[in-house]
Each structure stands twice: as C-alpha cells, then as structure tokens.
Amino acid sequence: METYQIYSITSGVLFVIGMGGVFLSKHFIKKIIATIIMGSGVFLAFVSFAERDALSFADPVPQALVITGIVVAVASAAFALALARRIYQLTGEESFTIEK
Amino acid sequence: MSVLIDSLLAILIVYLALQCLLAPRLTQTVFLFFAFGLALALAWVRLGAVDVAITEAAIASGFLGVLFLDALRDFSFITSGKQESSDAANHSVSKKKPAFLSLPGVVLVLGLGLFLLITLEAVWKVPESGGLTAATEALLPESGVENPVTAVLLNFRAYDTWLEMGVILLGLLAVMAVGGIKIFPVHRKTPEDPVLQQVILFFTPILFLFGAFLLYFGKNGPGGAFQAAVLWGAIGILLHLGGRPVLTVIPRWLSQLLLIMGIGFFLMLGFLLLAGGASLFEYPPSYAGVLILIIETLAAISIAVTLVSVFVHLNQLNKEESN
Amino acid sequence: MTGLPTSPLPALLVGFPILLAILTLFFRPGVKALVGLAGCLLTALLAFIAFVEVTQRGTVIHTPGGWDPPLGILLRMDALAAVFIGMTALVGGFISLYAWRYLRAQDPATGGYPLFWPLWLFLWAGLNGLFLSNDLFNLFVTIEVISICAVALAVLSGKAGALKAGLRYLLAAITGSMAYLFGVALLYGSTGTLDLDHLGQVLEPGTTTTFALLVVTLGLLIKMAGFPFHFWLPPAHSNALAPVSALLSALVVKGAFYILLRLWMEVFGVGITYAAGQLIGLAGAIAVIWGSWQAFMQTSLKLLVAHSSVAQLGYLLMIFPLLILPPGVTADSADWLSVTWTGGVYQVISHAIAKASFFLSAGIVIMAVGHDRIESLRDLVGNMRITSMAIGLAGVSLIGLPPSGGFVGKWMLLKGILLSGQWWWAPVVVAGSLLTAGYVFMLLRLAFAPAREKEPFRPVPKTLEVVALLLAVSSFLIVFPADYLIQFLENSEIFGSGIEAVLKGGFYGND
Amino acid sequence: METTSFLPLLILISSLVPGIMILLLREEQFAMRTFLNLFGAVAKVALVGWVFAGYLSGEEYNFIFRLAPDLTFALRLDALGLFFAALSSALWLITTLYAIGYLEGGLHRNRFFAFFSLCVTASTGIALSGNVITFFIFYEFLTLSTYPLVVHKGTDEAVAAGRTYLWYTIGGGTILFLGVVGLYAVAGPIYFGQTEIIASLISEYPTQLTILFFLVLAGLGVKAAIFPLHGWLPVSMVAPAPVSALLHAVAVVKAGAFGIVRLVYDVYGIGVAEEMNFLSVLAVFAAFTIIYGSVRALYQNDFKKRLAYSTVSQISYIALGVAIPGALTSTGAIVHLVHQGLMKITMFFAAGNVAETYGHKKISELNGIGRRMPLTMGAFTIAAFGMIGVPPVAGFISKWYLGLGAVEAGSYWVVLVFLASSALNAAYFLPIVYRAWFCEPDHEVVERLRSGRLETQALLLIPVVVTGILSLTSGLFAAVTGSPLSIAREIIEKFYLL
C-alpha cells in the first residue's frame, strides 16, 4: 500500500463521518464541526492525489485548491457559528429539535 | 516503517473525528477539534503539502478553533446555568434508548455504512492520471515565483484566489448581517490582566515578524498571504482581548480601506491589465514577481483585518447578551 | 479553445459587480442604497451588452491570467451562459428597483438594510461567475460565493425564525458544496483536469466516475432543493425579506440547476445510465406533486409561494431522464433532445420571472395588511388592483396557461416527454398543473371575495406595485422572443452539437 | 400561408385593447367605459363584416407568428371560422348593450366590462384560429377571462360556482393540453383543414391517435357540457344574466361545440373519424346528453337553471349532428351553432329582464308575466317554440336537417332521440309560456308594476326584441342567400366535395 492510498482511504472515511455527523448530530456546534470534518475528508483526497502525482514536488494544483477550499470552508463555518450564537441568544435554542 | 506511521496517523485522525462528534460535552468537542486539526496538519506534512499544513494549522484549526472556544462561553454558560435540569435530562435520556438505536436511526446508520463502503471502493479505484504536476513544472519559470503552490494560487489560478478573497470579505459581511451588534462598537474598558499584557507584549513582535517572514518567503518556499494573515490577525485578536481594540481606534474609512485593500487592488490591477489589452490578471512576465509580492502583502493585511473583525463581531455578540 | 474569439466581457461581468460591492461599503446607509441601485442597473446594462455580444459574435471566451486550461481557468460565454446572464439581469434589475423602495419603507431607521446592496452585488457577481465558468473548482468557489450571500441575505431581517431557517439553509448548502467538491477531487484524481471540455474528452467509465457523478449530483440536488433535499427551502425563502425571497427563488436555486445541466450534458456522458436518469426524474416528479400539494395546504402566503418553488424546480429535474437515450436508440433519431433542453432553459426563465413577481407581490400584500395569512388577500381586487393583476398574471404563468411564458415551457417539456416515448411523466405534468391551478385560484378566489371584517389596507408605495406588475407582464411578454431564444440556444455550437457528440461517443458504454 | 394580413389580428385587438383600457379606468368613468365598449363592439362587427365580404370575393387572410419551433400562432379565416366569428361579434354587440343596461349602478363595472371584452376576444380568437395550438391558446384564455365574470357577484354562492367552473374547465383544459401536445408529437404542427396528415398516419399509430382523439374530445367536451362533463354549466348560472347569455350562447359552450366540429372535420377528417368508429362513441354520448339534459330541465323550478339544463341538451344537438356522417346532419349541426345561440340568448335576456324588473327568479312566480312584459315574453315565446322545433322558427330548420340527415344515414334511433327531445322540450318550455300568458297574475305583482311607458329599460328591451326577431327571421328566410342556413350549406359542401 502506498502512502497516498492510506490517506485517500482516510479521506473517504472522514467524508462519510462528516456527512453522517451533519445529519445525526444535534447541537449546532457539532453540526458545524461535522461540515469541517467532511471538508477535511475532501481536502485529504485532493492532497493524497497530489502526493501520488509528485515529480520534483507534489502536484501544486490540488494544494492550491485545498488552501482556497479551507479558507472558503472557514468563512462559511464562521458565518454558521455567528448564526448559531445569535439564535441561542435570541431563543435559547441550541439545536433544531426544539423547533418542530 | 513509514506505512506504519501513516497508518497510525490515519487511525488517529479518524478516531479524533469520531470522538469530536460523539463527545458528550461541547468543551471536549472543541478541544478534540483542535487536536484533530493538528493531526491533520501532520498528515499534510506527511503528504508533502507544507503550505496546506500551515494553512490548516493557522486558519482551520487555529482561527476557527479560537472562534469555537469563544463560542463556548455562550453555550457552556447554559450548560452550567441549566446544570441540574440538563443533568436530570441526561439521566432520563440514558435510561431511554439512544437516538441511533431507533428505527430511523438504524436505517440511517446502515445507510451511512453502505455509503462508506461505496465511497471506499470508489476512492480505492481512482485511476492514475499524473495530475498537473508536469504542466506546472513546465510553466513555473514564467510565473515569477519559485514556490509552485504560490504560482498556482497567485498566477495560474489567480482568478480563484481573487474570488476567494471575496469569500473572506463576504464571511465578514455575512457575520455582520446576522445582526445583534453595531459595526465596530465602542469598546468598554476591561480590567487589566497582567499576564495577558505580558503575553501581548511578548508575542506581538514575534507574530509580526514571523508573519512577514512567511509572506516574503512564500515566493520561494512554503508560506504566503493566508498564513501570514492569520499570524497578523492573531496580533489583532490578542490586542482586542487585552483591552486594546485596534480597529476601533483607527478611523472608520481607514479600517474599511484595510478590509478591501487586498481584493480591491487585485481587481484594479486586473482591470488595468484588461484596459491594456491583456487578460484579467495576466501580469507582464517581468513584473510578475513584484506584483505578486505586492498583492500578497495587501491581501495579507486585508485578510488579517477581516479575521480580526470576524472575531470581534462574534466576541461582541456575547457581550451584548451579558448587557 | 484557441479558435474562439476572446472578449473582456466575461471578466467584467464578474469583476464589475464586485468592484461596486466594495465601493458601496464606503458610503453611509442612505447613499449606499443609491449607489447600490445604480450599480445594479449598470450591471444589468453590462449583462445586456454581453448578451448582444454573444448574439453577434457567437461564443466568446476569456482566460484570466492568460493561462490556457487545464492549468488555467477558462471563462466561456456561450449561448446558454448568455441566456442565464440575461435572465439574471432582467429579473435582478427589477428586483433591485423594488428592493430600493421596499427596504427604505421597511426599515427607515437604519437606512433600509444597508448590507443588502454589497451582498446582492456579490451574489450577482457569483451568479455571473457561475454561468461563465468552465472549471470544476472555480464552479465550487462561485457556488460558495452564492451560498454565503444567499444565506446572509436571507437572515437580513435578524428575526429568530429567519436566523434558524438561515442556519438550516447554510448547513445544507455547505454539505452540498462539500459533496460536490468530493466528486471534483475524485474526478481530478482520476483525470488530472478540472476543465469541463477537457474532462468530457478524457473521462473513462468506471467505479470512481460513477461515484463522482453520484456525489456531485447529490451535492447539487441539495443546493437546488431537489426532492428529498427540499426541506431547507420553504422556511428559508418564506422568512426572508420580500426582495430577497424573490432573488433566492428566481435566481439562486437556478445556479445549481445550471451546473447540473452542464455537467450531465457535457461531461458525464460516460457515467450516466438510463436508470440514473429515471431516478432523478422520479425525484423531480415527486417534488412536483408533493410541493404543489404542500403549497395548496399552506395558510401562509409566503410559505405557499416557497412550496410552489419546490414544485417548479421538480419540473426542471424532469428534463434529465429525457436527455438520456434508452439503450438501442441513436442520437440521430432522438429528435426530442433539443426541444427538451431548450424547453427546460425556457422554463427556468419563465419561472424566474413569474416567481419573482409572485414573491414581490406577496411582499406588497404583507406590507399592506401586516401579516401573511392567505386570508389577508380577501378583497385584494377591490383595494389593490395593480397587485391583484400582478398575482393573477404571475399565477397564470406558473400554472402554464397560454399565452404565458410558463405555457411555452410546459408545452416543450410535455412535447419532449411524448416524443421520447417516456409517457409516464405526462400525468405528473398534468397533475402538477392542476394542483398549481388549485392554489393559484385559491388565492384569486380570495382576492375576489368580499372582505369579512374591514381590515384596513395600508397604502403601499406605487413603485413596488408597478415593479411587481411589470415583472408579471414580462412573464407573458417573453413569449414573443421565445422562438428567437430557442433558436439561439439550439444553434449554439457548444451545446447543441455538444450533446450529440457526447451521445454518439459511447454514451452507453457501461450499460 | 403566403400572404400576411393584420386584419384578423385587428379583429382581436378591437376587443382586447378596449378590455385592457377599461381595466385601467376608474369606476366612475362611465362615459369613457361605455364609449370604449361600444366602439370595440361596433368596430368588431364592422371588421368581421368587411373580412367576410372579402372572403366571399376570394381574399385570403392569414396572420402567422412563430412562438417557438413548432409552436406557431396562426390566425386564418375560413368559412366555418368566419361563421362563428360573425355570430360571436354580432351577439357580443347586442349583449354589450344589454349588459350596460343590466349593470347600471352595479359594482365593479370596470372589471366586468373588461373581462367581458377579453372573453369575446377569446371567443373570436377561437373562431379565427388557424391551427390546433392557437385554438388551444384562446380556449384557455376563454376560461381565464370568464372566471371573473362567473364570480362577479362575489357572493359565497357565486364564489363556489366559480370554483366548480374552474375545476371543470381547468381540468378539461389540461386534458386538452395533453391531447394537443400529443397530436403535435405524433403528427407535427396541424393546421385546420390539413386532414391528410392524420389520414396518412392513422395506420401507423392507430392506438396513439385514438387515445389523443378522445383526450382532445374530453377536453372540448367539458366546455360543450357533454355528459358527464356538464356539471359546471347549471351551477354557474348564478352569474349575472348577460354573463349567462355569454356563456350559453356566444362563447363558452359554443367554443366547445365549435372545437368538436373542428376536431372532426378539420383535424381528423370525417373519413378517419368514421372509419375508426370515433363518431359512434361521440353519437352515443351526445344522444344521452340530449335526453339527460331535457329530463333534468323538467324538474327545475329556477328559471335560469331550467334554461341551463336546456342548454346542456341543445348543445349536444351540434355534437350529435357532427357524429352522424352525412351532409345534411352536418349542415344541421353547423346552422344550429347560430340558431341555438340566437334562441338561447333571447331566453336568457328574457329571464334577466324578468328578474331585473320584477325580481322573479322562479318559474312558479311567472304567472301572468306576459301581460306585464309582452315584448319580452313574446320574444321568449318565439325562442321557446324554436327550441321545440315549431316551424318556421330557426330551431325547426336545424332539427329538420338533423332529422332528415339521420334518416338518410339510416340511424333511426337518432330520429327517435330527436323526437323524444322535442317532446321533452315542449314539456318544459310550454308550461312557462302557458303561465306567462294564461295564468292570473299574483296580487303583489300588480302592485309592483312599473309606471313607465316601456315594460322595462330600453337597453334591456331592445336586445331581447332584436334577438327574438332574428330567431324568427333566420328560420323564415332560411332559403335566402346570406341566411345562416345558406352559409352552413356552403361550408358543408366544401367538406363533402373536397
């Protein structure tokens, strides 16, 4: 087994854990963290392919994409966090369950 | 040997991810999230992606972790406030079946398991392609920088990066749209904490220098605007926490200028190039290196200010509540 | 790619609104709205110039940075992109006018939600960027720009209900983006390219390709609220401010549809099976019935309109099974392909216009009576003639009755269904139309009914009523350029011949 | 198809534009509204007359606009269409006059007259349509423009009737839509008269074309009120009298009947329709509806409701005439389009006058009304005799041709249906006539007698007298060139000779 394959397999696992977490977790914060984990899985997949395709350096395109992707994911997460905190402030709710 | 290290690291990452979501307390979740980020950063290093590792450690784990930590004051406050009731609730819950044992829960978990198998099959069978390494290698000399990642980010795919700067700015606008705070509220004096003051005194110059270092050498080695920005942003956050709200001191137009400087300059440069008959962001080859350095510097400042503003807004959200 | 003429317009279409968005940040709230409105109108003008450019010169491209794909990013403005950009400009321009007056009236204290303008301009830039992009990862960045702007706009009112709906929307959107991006990662890993044209040429069938297709489609379905991922749409769209609801329903969800259409038709030829098409069509069919039924059952005006969006998006999903030939049929004999996809695009336009008008009118009614129970429509005809007309016309277009734009869209869809021999979709279209008629006429019946107790209709700025009516009238007027638009789309060299090339090139290799 | 003329479009615009303008007027702008109304109505009659004259001298009028590939908006004048257009525009002028009088001082007159104009636009549009899709566009447009008229009173009853009306017509419209799209999918664009298209395809797609025929027929059958799709018609008589007149005589049911004529003669062609046994199915339904409508009419005490069931029955004469192959029955069917329109509009005007002047809505209240309103009831009596088929009123002519044709075609059961129907017609109309002329008036009626010189307002009286006279003369002078019958014969000659 090559190094990259260990991580590309891990990426698949993280992606599914994250996806499950978004649907199954209750607390807002956990849902937000789950999206980050999902994203980490995606990024790991990208970078594992970068390592696979390395010549004198690892493939820079997926790395650049991942840097962009991380920043985008963080911006969304910060926004989600602001929403979650504000909802809590206004209603005292920490998850969607109370709402229905 | 290396397979063993990588396998252990992979297992650790998965374990931390799972624990992070399953931990009963939010505090645990957030600290496990920090640990997850660090483990992931190690994985990036193992994969030869040092730029990604720094970004991960700085932004995803560092900055976002701090935001979560700050948020904990909100949410953990209720857990302590509703301590008894929530404890009682916990007991009653533990007597009942956990949610994932109910029928829909079982179906969901089974479905996820199946999905995992399919995912692994697909990931395992990814055909070899060679990626774009060779293409980058061939064009790297024309890019004006030596670090291939920087070349992709700021030259080959500069359009993406420019839009991404927009996303960061949007992140701030979106946080502002949530409401509940006035833009850049007047700071209330907080009691001086001598330890914090010492930390600030010590770290400010170091963070600044290290950031500048990352920025400048990002041309040739790992590092660049985003990483530098987080370090500079950290200065702002520290100063804010230490009772020195830098952003409220400077005039409003200046702080706004700082916010948009990066994306604004980038865009104006692009328009100038368009007017000159070139494509958007198509630098003249001989100036490419200089232009990229200017863009990176301005972008780093803008991103740093943006990150500080995001933090201040989220932090302030909490203070409004305590009023 | 070298054969196509280059033009700076694609770069301007993205750059210009962002420049304006940044500029608005510097102004005080009241001035910000004016600058924002001026910016929107200029952006609309630019879009029309771009549209004319494509009609004159055909497809034009732009390579930011001057690097050719696959290393660089290609912006390509073909007929399809031009039509979507034009639609955005038309609908967006009207909504901007409405928003300018509406926000000022709603919130005079803070100068009318000043953040609306930079966010909307950013959103516009994101939409233009999405329509122009020819790169899988760049598409991801644009949909993120769109998602963040959309949610931020949706929560602008700051009310708890809007915030909760917004968080739900945001989490769904992030999940969708990540699923999409995972597919992109696998596609990049297996082909080493992100460029759509290039990818379409080198993509080989296999497990990875099929899986990538699955997650990309899944992610985009979440983004466009396709059944069963529609759960986030009704609360988000109904809790937003009226102009924002209109933007979200008319334009934002169409972005994900656009990518889906492009990818299925241009890239995924090798991975799609007949069954996959049927499945997505089934999702659309359920959405049509379920969404319309839910709309019929609502008692709140904006929730009704929002559920109607779920149903109308279902129609768009129903074109996908028709684009895939059953085994043994060659593309030469498949004469319904062009009528189906051009009909789908036309349906997007007519729905955008009608739904925008519907939401804007709902906003006017709510402003006038102070709440959004559908009972508030009682005696609307007696009190607000213009808005009644707008609701009536927009509703008729939604049902798809002649001579509205919705009629042409439904006509083409149904014709595609019957020509392709997949007649089992026809009852869905019929039932959907009937249910739509059911809820539209439920509203109109109330509008004609005499008032029970004299609830006062507060005066509403005339501008708002006129804008909503103009949009409603446009949903009929677009019948006139329909033939031109459809020809324009059919004759575009990229797409019209592209699909047949894909179909001939072993579409069913792995059946 | 070569020449383009804007005249057909102008005919539509002559009522469309006044309709839209009226919508924008203020309620109190009475003079302006009336002017627009009458101007539109007169202009339309004049235009149709001009075009008719042109057509007779061999001119062709086409207007074609492509909406989308295969989706062509086409207006084309042929004899059948002009015949229907002439009927619509002439009766619209009369009904407009009547409505101005009827609604004097009423509420929401702008809305009423606006949709009234739109309704007639749709109706003439149906007449002038050159192809199936244009027909469908106006057919649906008619549904939409009549809805506000049906619910005009705004009472709960009216709103409920409106709902029933909509469910039937929108449902029918959707079925029709499916059928029309199907026809286009199978056969491509079909212009009226191009029967060779279907004829050449019928052997290749017999199942599809059969299903499509019945889908289209069902869609049309709703407006033509063929059993079991007639339920909306008796309910929607709650609308004001001019609207009922419009629904029953000028626009809605006529659009359905006219559509059936088009479907059989101009789309599928009589040959195909007969060969595939479509016509016998239609004949059975039509015959049943004739009897059923008449029987139901017998039991109605509400004046307008009895008239409504009578319409259900009478309209199916047209369908039955179409369904029995042969030149005579076809002539009868087409001439009945006009004759039934004239007679039924007279009856609804009369019913409206009685209700408006004395407030009587029940048949049991009509005792002696003939002496108070001799002109109104005189016209009504003529029309009633016509409906029964008493010579020389118009209805006799239609029935004569239909019956003769049935005998010629050997369908003796149809003759029996006609006889039974006539008997039933007599059974439910004659009591009204008897009550009106020969029963002693109730006392209260006498006291509420108007003091004016005329029995009711002039604007209500003139239309009913005019249509009554027309009902009589078009029967009396049926043999004269230019009479409805002579034109109908010319139309039918074309179908059977070509």
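By written order: A, B, C and D. Residues from 1 in each chain.
Here is the rule we go by: a residue touches a chain if its C-beta (ideal position, glycine included) is under 8 Å from a C-beta of that chain, and two chains touch if they have at least 3 such contacts.
This one's a predicted model, so the numbers in the text were calculated from it and none came from an experiment.
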item	value
Selected pair, greater C-beta contact count between C-D and B-C	B-C
Between chain D and chain B, distance of the C-alpha-averaged centres to the nearest whole Å	73
Inter-centroid spacing, chain C versus chain B (mean Cα positions, whole Å)	31
For chain C paired with chain D, centre-to-centre distance based on mean C-alpha positions, whole Å	43
Distance from chain B to chain A - Cα centre to Cα centre, in angstrom	12
Residues of chain B engaged with two or more neighbouring chains	119, 122-123, 126, 129-132, 136, 152, 156-157, 160, 164, 167, 170-171, 174, 178-180
Two or more partner chains touched - positions in chain C	71, 137, 141, 144, 148, 151-152, 155, 158, 163, 186, 188-189, 192
Per-residue overlap in chain A, given as positions that touch at least 2 other chains	8, 11, 15, 18-19, 45, 48-49, 52-53, 61-62, 65, 68, 72-73, 75-77, 79, 83-84, 86, 90
Chain pairs in mutual contact under the definition given at the outset	A-B, A-C, B-C, C-D
Touch list for chain D against partner chain C, complex	23, 66-71, 108, 111, 136-138, 140-141, 143-144, 147-148, 151, 154, 159, 162-163, 166, 170-171, 173-175, 177-178, 181-182, 184-186
Partner chain A, residues of chain C touching it in the complex	71, 137, 140-141, 144, 147-148, 151-152, 155, 158, 160, 163-164, 166-168, 170-171, 173-175, 177-179, 181-182, 185-186, 188-189, 192, 194
In the complex with chain C, residue positions of chain B that touch it	118-119, 121-123, 125-127, 129-132, 135-136, 139, 152, 155-160, 163-164, 166-167, 169-171, 173-174, 176-180, 253, 256, 259-260, 263-264, 267-268, 270-271, 274, 278-283
Of chain A, residues touching chain B in the complex	1, 3-21, 23-27, 29-30, 33-34, 36-37, 40, 43-45, 47-68, 70-79, 81-86, 88-90, 92, 94
Complex contact set, residues of chain B against chain A	2-3, 6-7, 10, 13-14, 17-18, 20-21, 26, 29-30, 33, 36, 40, 43-44, 46-49, 51-52, 55-56, 59-60, 63-64, 67-68, 71, 74-75, 78, 99-100, 105, 108-109, 112, 115-116, 119-120, 122-124, 126, 128-134, 136-137, 148-149, 151-153, 156-157, 160-161, 164, 167-168, 170-171, 174-175, 178-180, 226, 310, 313-314, 317-318, 320-321
